[in-house]
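Before we start, here is the structure in question, set down as structure tokens.
Chain IDs A, B, C, D and E follow the sequence of writing; residue 1 opens each chain.
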Amino acid sequence: MTDRVQEILSWFGSENPGVLANLYRMLMTGTLAGTGKMVMLPVDQGFEHGPARSFAPNPPGYDPRYHFQLALDAGCNAHAAPLGAIEMGAREYAGQLPLILKANNSDLLYSGEDPIPAVTASVDDALRLGCAAIGFTIYPGSANRNEMYEQIREMAWEAKQAGLVVVIWSYPRGSGLSKEGETAVDVVAYAAHIAAQLGAHIIKVKPPTAHIEQPKSGEALQKAGVKLDTLADRVRYVVQAAFDGHRIVIFSGGETKTTEDVLEQNRQIAAGGGFGTIMGRNSFQRPHDEAVKLLRDVMDIYAQAAK
Amino acid sequence: MTDRVQEILSWFGSENPGVLANLYRMLMTGTLAGTGKMVMLPVDQGFEHGPARSFAPNPPGYDPRYHFQLALDAGCNAHAAPLGAIEMGAREYAGQLPLILKANNSDLLYSGEDPIPAVTASVDDALRLGCAAIGFTIYPGSANRNEMYEQIREMAWEAKQAGLVVVIWSYPRGSGLSKEGETAVDVVAYAAHIAAQLGAHIIKVKPPTAHIEQPKSGEALQKAGVKLDTLADRVRYVVQAAFDGHRIVIFSGGETKTTEDVLEQNRQIAAGGGFGTIMGRNSFQRPHDEAVKLLRDVMDIYAQAAK
Amino acid sequence: MTDRVQEILSWFGSENPGVLANLYRMLMTGTLAGTGKMVMLPVDQGFEHGPARSFAPNPPGYDPRYHFQLALDAGCNAHAAPLGAIEMGAREYAGQLPLILKANNSDLLYSGEDPIPAVTASVDDALRLGCAAIGFTIYPGSANRNEMYEQIREMAWEAKQAGLVVVIWSYPRGSGLSKEGETAVDVVAYAAHIAAQLGAHIIKVKPPTAHIEQPKSGEALQKAGVKLDTLADRVRYVVQAAFDGHRIVIFSGGETKTTEDVLEQNRQIAAGGGFGTIMGRNSFQRPHDEAVKLLRDVMDIYAQAAK
Amino acid sequence: MTDRVQEILSWFGSENPGVLANLYRMLMTGTLAGTGKMVMLPVDQGFEHGPARSFAPNPPGYDPRYHFQLALDAGCNAHAAPLGAIEMGAREYAGQLPLILKANNSDLLYSGEDPIPAVTASVDDALRLGCAAIGFTIYPGSANRNEMYEQIREMAWEAKQAGLVVVIWSYPRGSGLSKEGETAVDVVAYAAHIAAQLGAHIIKVKPPTAHIEQPKSGEALQKAGVKLDTLADRVRYVVQAAFDGHRIVIFSGGETKTTEDVLEQNRQIAAGGGFGTIMGRNSFQRPHDEAVKLLRDVMDIYAQAAK
Amino acid sequence: MTDRVQEILSWFGSENPGVLANLYRMLMTGTLAGTGKMVMLPVDQGFEHGPARSFAPNPPGYDPRYHFQLALDAGCNAHAAPLGAIEMGAREYAGQLPLILKANNSDLLYSGEDPIPAVTASVDDALRLGCAAIGFTIYPGSANRNEMYEQIREMAWEAKQAGLVVVIWSYPRGSGLSKEGETAVDVVAYAAHIAAQLGAHIIKVKPPTAHIEQPKSGEALQKAGVKLDTLADRVRYVVQAAFDGHRIVIFSGGETKTTEDVLEQNRQIAAGGGFGTIMGRNSFQRPHDEAVKLLRDVMDIYAQAAK
């Protein structure tokens, strides 16, 4: 164990050793082991956006085991996926890499203004499948937010009892927000804070834009002289909003981008003190070897930042 | 134990010794120990108003442990916060001060006309984190009020079985009330009474204005010759409305004010027989030493009033 | 035990001895013990109408214990109040008079067209607090009536298992009725019948006016030659509607009246065979000694009627 | 309520108002109401010794309702009996006198060296039958004592939650003791203490003899100069052993005796500060009127002692 | 909080903050607050040895509240007693000192060769009575030991979930051991180790003699050159056996001794690094003021040792 990992574990004094052990595993796996940084491979896009949009660009990805292997090949800290996908690879890859069971999911065959995912897996599933963590999406800004918050309260309690890490995807969305507001820096910071207050160990948010959604938040930030010009600045603020950097905040990559865009984005995240990234489409939609290279290059960025 | 604390405990004849023991702890902790008065530090504003508005004015407050330490340094009777914040500091500060687990919370990323917070923590959480009390917000005036009342009925029952104190934040708000009515003296008194009837041991309300929202209440008060001119007068009436002063009614400070405004407000609360204050933004948004001084000065006011 | 009480108990052949024992206690307590008549003191007005309108006219009533003492001093059969008020006095007055735990309550800070109270107490609360009965309000005429009927079905079932008496406040109100219709004799009779059908042992209704809300009911009554001219006539009909007088139907007094009005109203109720009254504001808003005298005078009326 | 009853209730600060209300009823019922003394009628001998030995001497006693009536006629504080007998009379006598549901029983068709009764009724039974208390026998000295202690721990917890009084019959018996030791003063005092430690509100023991079973106890008593010559002396010591007189200790009458023996025994119990007696065979095996007279004479003794 | 208390708390990394908070309270209460040493007052001897042997030497001790007051007056860290005794004082002394609910108990009216206490209280009882800890006796050496180990496994799990400290009285006794072996140094050390392995936070053992019960243990100790000549030596070894001094091992005083014997014994315990003592008969069997003086003198010994 490195000093940094020890320091990170020390932030979770209310958790039992079982939670710490799984968090340790996630922090000590793969290329970034011991750095306190994390690059994860999430593949719930089949469920979230449909298989065509997700896997047609690189058809081997239709087989969930492809992603287990990709995560292993690239040295990711963990692989996150919905129930069925985890079930597909859990025996074959048992013990080979930390798994995050994505416990709620939305699909695009119905989409209301105020989203709420279905709860699609349980803590029992996570245990029987050998997962290190559960993942759960909340949509602050949705009229249905309370139901999601209450679901994760119960599930997080149960997960922690069982020694599982809790990862919250906190994605502002719904009738309470403008479209631009979903990635506004004040809103992303708020969303990260809500996830921390709900007891998340790892928080996934989107890279924040310079947009300000709530005027009073903007005023407070301006008055305090908080720099928000670059993505690195904004990442720094979002990390601060999650208990002053004492929760693990990682950033998702979003839609497919050029390699350089991906790298530049991660350079900014790393510069701002972000803990890492969870990169789906930009990895698994590339051919295998390209994906491995890209993931490795991204890991290099974080490895440098950790020094 | 002082005579006054013994007297206060005697009002709770239906509770078990476990509840009394935790109430005793809250009344016998800190600068005001034994006076029967209470000054508490609540920090749920990060969740309720967002991290920018809450912590940008004094950035050390992004770390929840800052508030544990501030409450200790100033000698507060207790510190109240949501689940994640309590989890952040509970091991480090275990046993050092009474904690109130705020068990429901709202955020501003969605706000309907008729508010209802999400239930974000449980009695089991309060026990595992070593809390002395649960805190719960109700919004009388909201179309969703019944759901909140029913949630706290169940949670209060469970808390009392487990020996925990029940603190209700009773904030009138929603489509049943005008904006001005939210702090109208008749409405605040009514809200304090509802909390008492729901079984609260400690009731937090806002300082009441001279506005009257419900004409019939106004007539009754006028006919009875109830003086409502000064804040002290109105506090006196609100305390009376909570079982003739036999429940612990404390007042929140509200938005940031000048030091003199805070002190004057508390002088009035103390003069009216209020049991104390729960002062968040006016303390933690000041620099640490200023905050400690202000909290101590406020405590002095109540200590004087208790003589 | 008197013959009359024995006769009344004989109407409840489906209830267990625990329910009968508590009903016996209510019928054998106070000034009217043994007569089969009941005068009760209900104090839920603080919750229902707010503390100002309820207690400003006689400020000692802000303390719930005042009402326990008033009920005892006057020799009432029972005292009804919400959870918090019962908790305030239950230890001090343990065993001294039958208590009815009012298990649902509304407040006036929000009022929709179709009322539904919040469930604010449970059968477990009634047992731990030593109550003889639970009280529950239904609003026939409200679009939400079914939810109330279903809540009391469940709670009544549980209460009867535990040997508790079930008292239903049946107050027609809501979008299904005109304002005048709320106390129309056909509606009040209908409401009493619904309460009886829901399994109530004691039914509280308002004194019916001569208004007829539902034409077909009016026709049927007219055709059958039912006399409805005086309040006594109408009370007789309402009592008949509740299983031909085999459920205990009592009448509430409503808003504050002159002493003579109160007495005259009760003379009519008694003359019509009503089982008694549950008199809140007309008692506790008078000074203590006046209230005791008035309650005693009302009891005299029923005592005479019982001969 | 008398001062003495108030004082007695004050000893049970850990119980809820429901328990106090039922204890109040037992203390405020019958001839000895308000004195703090109790004379109860227990009839479990049919189960314990068989119907012939129990009821042949006075055949009306074969009908359980005879005993309800006898207890009423004599003004007993309560009547205790097993499930079936309570079921036989509970409706007819509902509410007329406090009932103690004897919740475990032994029979003589099998008798091992180390007795343990069967659990024959539950807290749910007590509630549905309108009982004020459960009664439970423990046999300290039996190799099976632990099982009994653990049964009453669970049942007492449940009874107290439901507001029921807990009466423990503490009868030393079994292979750990000599026959003479069963009523030895040191053993009876020890048995009373065990019942108090198990959470009993009312403790029933046998009148102690001057025999000492455990030499070390004898030495301690002698060294302390405890007077044990008369039954009154020994009763005083047994009462002291039950939390220095702060639990209600009553004494059973045992086998049939002459009237004078019964009276003399109770004079001694009263002189020693015993709280009363629970007198079965010596009352119900006598003809009804003799039994009433004897019970009344015994009550007189306690009434005198209470002055 | 002192460094030493902080250090002690750091040994319990697998416990939640609730357990730490209660342990903190026990370590920060009374005369020895902050030293890391503990002197507790246990009074279960009434149950364990009978009231005569326990309380006849100092009769005020028959009232359980005497011991609450004695513990307070002397500044003990905690008071331990069975259910009934805790129920007797819990309301009056609510919050004033940490309470340990002794959850199993034996009596001497039956004593088999292989002892096993009855489980006489529950975690729910501890919570409703406001206790900081449960106490539980195991008898290693008894044929029934496994049942005790399994009972405490379940109860300790439940207690820790609820934030309660677990105190194990580990008293070797039963057919597996000679009488002399019960306090043999190898056996006492073994018993302390078993308690530590069962998850105890605080372990109570008897002062060990120089006797060796198990030859192989003796050989190992001799070979390793472990000094066992003085009580201080043996205490040092027993403390080492409990996770190298990282569990809180306290020593009981046993039967009544002269004051000098008590002091000398505690000097040895302190010299050997024992964490303190739990002293029943030697305190409560003395007159109150003598007892307070003795307890204070013993506390002085530990306070000196802590410097």
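Here is the rule we go by: a contact is a pair of C-beta atoms (placed from the backbone, for glycine too) under 8 Å apart; a residue touches a chain by one contact, two chains touch by 3 or more.
Remember, it's a predicted structure, so these values are computed and weren't measured experimentally.
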Set of chains adjacent to subunit D and to subunit E: B
Contact-richer chain pair (by C-beta pairs counted) among B-D and C-D: C-D
Subunit A and subunit E, separation of their C-alpha mean positions in angstrom: 49
Whole-Å gap between the CA centroids of subunit C and subunit D: 40
Intercentroid distance (Cα basis), subunit D paired with subunit A, Å: 67
Interface hub residues of subunit E, defined as touching at least two other chains: 16-17, 90-91, 124, 128-129
Contact graph of the chains (line, ring, star, complete, other): other
Interchain contacts (touch definition) - all pairs: A-B, A-E, B-C, B-D, B-E, C-D, D-E
Subunit D - residues contacting subunit E, complex: 11-15, 140-143, 145-147, 149-150, 153, 157, 172, 174-177, 186-187, 189-191, 193-194, 196-200, 214, 216-218, 220-221, 223-224, 226, 240-241, 243-244, 246-247
Touch list for subunit E against partner subunit B, complex: 1, 9, 16-25, 28, 90-91, 94-96, 124, 127-131, 161-163
Residues on subunit B engaged by subunit D in the complex (per definition of touch): 13-14, 16-17
Subunit C residues touching subunit B - in the complex, by the definition given at the top: 46-47, 49-53, 55-57, 59-60, 62-64, 66, 82-88, 90-92, 105, 107-112, 116-122, 124-125, 128-129
